[in-house]
Amino acid sequence: MSTFLALAAGNTLTRLVFFPTAACLPLLFLRRGAVRAVKIYTLVVSLVEVLFGLAYVLSHAAHSGPDGAFPLTRDPRLPWIASYGIHYDLAMDGISMPLALLTILLLPIVILGSWRGIERHWRAFSAAMLVLTTGVLGSLLAYDLFVFYVFWEVMLVPMYLVIGVWGGERRIYAAIKFFLFTMAGSLLMLVGILWLGWTFKMVNGGVWSFAYEDLLRLDLPMGSQVWLFAAFALAFLIKVPIFPLHTWLPDAHVEAPTGGSVILAGILLKLGTYGFLRFAMPLFPQASRAHVPLLVALALIGIIYGALVSWVQVDFKKLVAYSSIAHLGFVMLGLVAADLVAWQGALLQMVNHGLSTGALFLLVGMLYDRRHTKQFADFGGLAKVMPLFAFFLVFSTLASAGLPALNGFAGEFLILAGSYRALGWPAAVATFGVVLAAVYLLKMIQLTLWGPLTRDENRGLSDLSAREVLALAPLCLLMLAIGVAPNFFLRPSQPALSSLLAGYRQRAEAPAPARAALRPLAAPTQANARSTPLAGAPR
Amino acid sequence: MSVPVSWYLALSAVLFGIGAIGALTRRNGISIFLSIEVMLNAANLSLAAYARQFGEHTGQVIVFFVLAVAAAEAAVGLALFIGVFRGRRTIDVNRMNLMQH
Amino acid sequence: MSRADLLSLLPELILTAGGVLILLLDALLPGARRAWTGIALLTTAAAAWGACAAWTAAASDPALTFGGLLETSRMTLAFSQAVLAATALCLLASQGYLRREGILAGEYHALLLWCATGLLLMLRANELLTIFLALELLSLCLYSLAGYHRRVKVSMEAAIKYFLMGAFVSAFALYGIALVYGATGQTRLDAIGAAFAAGRVTVAASLGLLLLVTAFGFKMSLVPFHAWSPDAYQGAPSPFVAFFSVAPKVASALVLYRLLAVTAQGSNAARWSEVVALLSALSMVTGNLLALAQRDIKRMLAYSGIAHMGYLLLALVTLDRDSLNAVFVYLLAYVLMNAGAFAVVAMLYRRPGEQHLIGELAGWGYRFPLLGGCLAICMLSLAGIPPTMGFFGKYLVFLQAISEGHVRLAVLGVVTSLVGVFYYLRVIYVLYMKAESREPEGLLIDGWGRAAAVLAALGTLLLGLWPADLLQWLIGATGTR
Amino acid sequence: MELAIFILFAGLALVSSIVVVTHKNPVYATLSLVLTLFSVAVLFVLLGAPFLAALQILIYAGAILVLFLFVLMLLNVGRQEGPSGHRVQLFTALLGGVAFAAMLVLLFWRQQGGPRPPAAPLSAQLVSLTALAQELFGRYLLQFEIVGLLLLVAVVGATVLARRPPPREPEAEP
Amino acid sequence: MHALDWLWLIPALPFAGAVLNGVVFGWGGRRAPRPLVNAVALGAPLASLAVALACIWQYAQGAWPQPVERVAYAWTTGDLAIDVAFLIDPLAAVMLFVVTFVGFIIHLYSVGYMAHEEGYQRYFAYLNLFMAAMLTLVLGNNYLVMFVGWEGVGLCSYLLIGYYYDQELAPYAGKKAFIVNRVGDFAFLVGMFALVARFGTLDYTRILPRIAAHPGLVTGEYWAGLSFAGFVGLCFFIGAAGKSAQIPLYVWLPDAMAGPTPVSALIHAATMVTAGVYMAVRSNAIYQLAPGISLLVAVVGAATAIFAATIGLAQNDIKKVLAYSTVSQLGYMFLAVGVGAYTAAIFHLTTHAFFKALLFLASGSVIHALGGEQDMSKMGGLRKHLPITYRTFVIGALALAGIPPLAGFFSKDAILAASAAAGHWVLWAVGLLTAGLTAFYMFRAVCLTFHGELRADPEHPAHPAPGEPAPALHLHESPPVMTVPLVILAAGAVAAGWFGIPKVLAFGADLDRFDRFLAPVVARIRGANPLEHDVGAAADLFLIALSVAVAAAGIALAVRAYGGERGPARDRVLAERFPALYGLVANKYYVDEIYDRLIVRPLAWLSRVFWKVVDTFIVDGSINAGAYATELTGDIGRLSTTGNVRNYALYFFLGVILLFWWLVR
């Protein structure tokens, strides 16, 4: 406990993860009516968290090698439930770093974006957002499967509340649907984790471990691998979401308040793909290799189906929601391709989607704050009265549609190029999704911005305020930066991805053993990890 | 000739069965309780029989305690019936279904 | 009776004496009734200390006193403390309720303390007759307390249903004892176990043990012995249910474990695991499905309790040295979260005897932030969401099931707990996502009750976050087996 | 001789217990239970437990059943309608009860390998009250103490339950 | 300082201009002072032109014919390394000149044309952005950078077509353009992926020479009977067809005329639409190794040429006529690519840029004068009012018709000669016929617009801006800022062709500087004979004469049919005489309608089915049904808790029996 506190005081992942939750405590002492104070406090907290995030990443990026790789940094492992081999173990590498930074960055933006939209219970809203951040960061950084699962579930409750308390008409239905869908997958994953841990214990002479690196050393027979892979994949695919497990998403998005949607689309969905990349594939290489055709088919269905359904929506937010299904279909395709370029693209695209879809949801929310409707039929010609809104909407849409020099293109291009190399024609089919993306996204712009301004209610709409611009501008700048110079964002994660891929490939191509076995440690686990120095911390 | 212990046991089993049937079929709470007393007696009988078989006291001691338990149970149970009757004017278990199910 | 015997009986003695003391004071100083809760709490605390003292003083671990009748071990200590925790929470929650309903009297506290005595005796007993007598002792207390709110018809109805079922089942238990005794000539569990291990398992002995198992299955409200519990919980005074719904289950679980440990030594141990698995599966499925259909929060919690005992049995399907850890952690979690939930229910629902509709809590999460928050935490814990202790308990029992190769059973547990998530979430969404539908009137929310809710919720959270020390300590307990 | 007594009282016990569970009037059922208890007491004697037989008559038949009768009179429950309106319940209970009993009888029969005399002779030690008392206050002291508490609980519980409820007097305090 | 080091400035300058005018000055719809806007808007392309000229000059003087590359920075590294890098070679140099020069002229023209527009600043921001994108496209040293520009010009095209965003139709036209282009881009992307998969790079200099040196790399069967070169060629051609409006993806271009006329001139005539041709020529090594696909390209090009020309015959909107003419001329260019006359394609591209930009700008001048009127049936007699416009328009029309010695003659003839030389006589015939049709519809337009009497109602212009009072008709010549560009372009339309005078006409002198300059771009495939298009001087001369004759005949016929006051009446007569045929042509063969029925509507229907049936009914329905069934089971199950304690006891009892049976069975 004291070690934990000592950790939380330093420039460590622990501080990064738990600061938001710890910052919830003062909220209790703010008066219930002091909404403004709560908002400003939360904003300050989120900005401090951004600073912490940057401080951490930059301080370690200074140690990156000549290839620009972000090193594997980790907090000292603390025994948590030692009798079951469970350690509090957080680590950041090139794969989790961009997603963690995205999470942190989106927090102040979400607060700014919710400034007007959230009208009740601001303290609770702030707390939910902050705890959610802890959950997400924890899931991204956990290097122990038990810890991962705990954080994974911790995310659920605040999101459930955010949808259910501050959502729209059918918010309760949507919130429960969200919770149950996610829970359905993750409970089976829990069984999978337990099974995995137990198998490890069996082959490791009765010593438990849930450490990621330890479990990676397990070679499982095909029979159990398939089941375990199914359990993990189900959890992640629901989160992504992949057809036909996706129906929670449109409901959740439509009902969620702006901030909820941004977080949901920006980060929560990524955890599905992240988990798939980090856990489902490397832990069960042969099984995942065996299911490539199925997964490719699902990814393709996601791309095409999501795009088509998105196209015919009459609700602004629902359109964006369905577009997420299509976009994440690309990411899944990239992951399944198991090609370095595709993986790089997929990782980049996870960030991209967070930025561009996050911005789109913010924009929908800004419009909703003004008009209290999300139906296309109520809009049209808004560019006339809201030029800044139009600018940002067009910008984000183009990023989302994969226009070169913006971020979406970089991700999609790498995904598709890599997938084509690895899979062939399915990537070509997926590329057609690019066409469809233009179809539905331009329809969206068309129906909101262009055309004559027919509705009188829309004539008096005010353009974006400085606060709203402040929320959108960082996203748009990042979109541009990633699109123009993706290498800056790709380089830190490339070595991590390539070593993960090398391990995956090597194992996937070898036949599965007849019985579970443990591969010997290649090198001491800590050798390539740069630990945060901490005086007096037990190692 | 001495009676085989198993006969006692068989008797106890039959008594137990009769008691159980009674407990399951009566509507009057006190009648149910009476049936349960039959079941207890059946158990007691078999305990005594086993004690006889082993030629030691344990079975008898148990019966002794069960007598006390039965008395205590009867006191509490009958008090309950009085309480219920006071409120409801009946001790018919079929009518004890105030609660939502 | 030696000094060691007496010392080992310290917690029970303290509890009994406390009960007697309160009863005497009640007769002498009827005006000071509101102090009884404090005294009872002190007694509980003293008993907790006594249990520790008895354990510390014990010659070995486990130590047997009274000629092998009573066990004093780390594990019995742990279970005792869980029972005492339930007692304390119940006491805290009761004060306001009893005052509100105008039924505050010393008998309540005395009976509760004696009930705890019975539970402690039962979970420590190593012999069938002792177990039976302790069972009867606590049962009588439970009958009396269930019907404690005499003005309320459903309270009496609950008591009489519970009583009739209880008496019926004790007859079976007694018959079971007779059969086991007849088959082995023994009443001490270790001796019976030795007989089983020696291969002298007769069908009669199996049946006898089965009858005993069902009797404790009844106390734990396992399907199909469960049907009494929703009615009993609904009718009984809510703060008492905080005790009623957890403490007997804690003690019964340990007894069940002892009984199953006997069967595990027999030649048909595999069959026994099947039986336990069957009970577990039935309870998980039935409990969750029926809880789903409930609109009354107390009934819902009753059915959810049924399901929880099903999960608990997952750890007992095949016994090994870790089973009991899982069982205990699960039970402790269950004590905290269920008692916490009932404590809140006791405070937020007036009009005992009518339904406790979940919908009546609509929007009250904001009106009563503390109690609402505690209830929500308890619900999350019941649903098994980390980082609550409910999750950790579930984790351990599932792990136990999987370790023993019962993956399918674990999957069934997972699937049914998904159903569970739904109805627990219902409470949360009613609390926070619905508009208020009624004004709170006639409620009495006192510091004791708040303390109960907060302690339970906090315990659920903190033990969920730091279960390691508890677990480590427990492993010391089973490590010697 | 012993056999005759056994058959007589076994039969009596059976018949009277059937009356207990079937008679519509609980008062008659109670009285019939007295008969059952008496028959069992006689069997106790046959089994070498005269002390138990005495207790059975004194406590059970004497005290407990009187209590029953007393309550029955107090409540004036009187005649109640037949066993059940629920045919399924009745039928299943009968079937189950008969099956259970038959199963047990069969079990004892098989287990004992047919009727045979008890393994141990009826020793004086078994019959002696002193020996029993020594056991009670020696080996079974703990249980004895528990029973003491049990009776206390019964007393308190019975008063709690049977006492007239206090009028509603909620403490007027926030 | 080497000018080529400043290559990156060429696209960067207009981009900066766009950012300044569009974002910095124009933040939230604000307006900067007009001179500042003009300075940025014109300064950026002018500076770009200057740098471009310096670079071209330096390149032509120094490095030619070797390509020169300048890497700006690495876009990606590692497994797939792609640089943001610029390349200048003969082809890029030509394109660079065309784009910067014509681009600047049109910017200049726009200052006058758009002077009264509310979104003046936004317009120039878009236009500058377009320049940046187009120059990126042209200067990129790899397909990815090309694609960046490719999509960038598409975006600007979308924005500029939909410039009048508050109108009903313009935004739809923009959307259509973008989406149809995207269909082509899809194929382009797939082609790139194929290249990545095989070569691990997208650099021209690392792929194309390698292919040329080792044809075996790309000739084996790759997919569905196509060789690798065939596959990539096909993909690239589909991409090019989208951008350059070839069958079947040409449908967006006529609609694109909804944008301001200078936009049509710059984007939809001179530069962007030719990007497909540029790309195909750039990839000529691939096409040379894929003869089947080359033939396809030629056939599609020829078909497009004649198909669009026929539609152009019956259009009444002056810009639509020019649009179909553009489609038709682009068809010519692809015909050239298909028959292997790559330099001819670029030659025609260049000349076409001049005369088609000229035609559009001149028509813009007309439209400007008529207050937005585009319907030729409402024009007529304008030559008196707009003399400079008239003259320049006629020069452009003659150039387009291929009348010597104007530019169009040389370039078109080069193509026809090449098709003939390659033995594709059918294609040649189609090209010839198209030339006639072209001459006909152009002079039909000249007649309808400038001759006869004015048919417009001076009081009520046809297309007043919605909600604003109708501007008065000011029938006078456009200001110099518009006419000077017309004159400059007219000069180009006359003289541009003189850089590529064929040997036959130069009396054997090698005056074809254009071909010489560009020749290094055409890859020399190892083991293949260099393309030789020569049918002999006599035949050549005959063919030239024939084409000129056909063009002249077209003109004559048009003047005869539409000259004087007969114009509009002639159309009515034709419509009455051949109702089916005229209707078919006037309605553009109903292609839009066919696409709508065949693709758009079924797809929309399918999408709705996906949404309403699959998503809502099947997937969600089955999940909800599962939840409902669970709840129902619970509801039924709870009946088991009857409230009757005897039932509970029975459950217990039966449970005991059941478990016992289980235990001993």
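In order of appearance the chains are A, B, C, D and E, and numbering begins at 1 in each one.
Operating definition for what follows: a contact is a pair of C-beta atoms (placed from the backbone, for glycine too) under 8 Å apart; a residue touches a chain by one contact, two chains touch by 3 or more.
Quick caveat, the model's predicted, so the values are computed rather than measured.
Each step here moves to a touching chain, and the least such steps from chain A to chain B number 2.
The minimal number of chain-to-chain contact steps leading from chain A to chain E is 1. Taking A-C and D-E together, the chain pair joined by more C-beta contacts is A-C.
Using the mean of the Cα atoms as each chain's centre, the chain most removed from chain E is D. A straight line joining the Cα centres of chain A and chain D is 69 Å long.
Averaging Cα coordinates per chain places chain B and chain D 5 Å apart.
Centre-to-centre separation between chain B and chain C, using Cα means, comes to 26 Å. Mean C-alpha position of chain C lies 78 Å from that of chain E. Annotation for chain D: residues 84, 89, 93, 96-97, 100, 104, 108, 111, 140, 143, 147, 150, 153-154, 157-161, 164-165 touch two or more other chains. Counting only residues that touch two or more partner chains, chain A has 180. The set of chain C residues touching two or more other chains comprises 129, 133, 136, 140, 143-144, 147, 150, 159-161, 164, 168, 172, 203, 207, 230-231, 422. Pairwise chain contacts present here: A-C, A-E, B-C, B-D, B-E, C-D, C-E, D-E [touch as defined]. Within the complex formed with chain E, the chain D residues making contact are 84, 86, 89, 92-93, 96-97, 99-100, 103. Residue ranges on chain B touching chain C, taken from their complex, read 9, 12, 16, 19-20, 23, 29, 32-33, 36, 39-40, 42-44, 46-47, 49-50, 53-54, 56, 58-59, 61-62, 65-66, 69, 72-73, 76-77, 80-81, 83-84, 86-88, 91, 93, 96, 98-101. Against chain A, the residues of chain E that register as touching in their complex are 23, 27-29, 73-80, 144, 147-148, 150-152, 155, 158, 162, 165-168, 171-172, 175, 178-179, 182-183, 185-186, 189-190, 192-194, 196-197, 223, 466, 603-604, 606-608, 610-611, 614-615, 619-620, 623, 627. Remark: chain E residues 638-639, 641-646, 649-650, 653 touch chain B in the complex. Looking at the complex, you find that chain A touches chain E at residues 180, 243-244, 246-247, 250, 305, 308-309, 311-313, 340-341, 344, 381, 383-384, 387-388, 391, 398, 403-405, 409-410, 413-414, 416-418, 420-421, 425, 427-428, 431-432, 434-435, 438-439, 442-443, 446, 449-453, 463-464, 485-487, 490-491, 494, 498.
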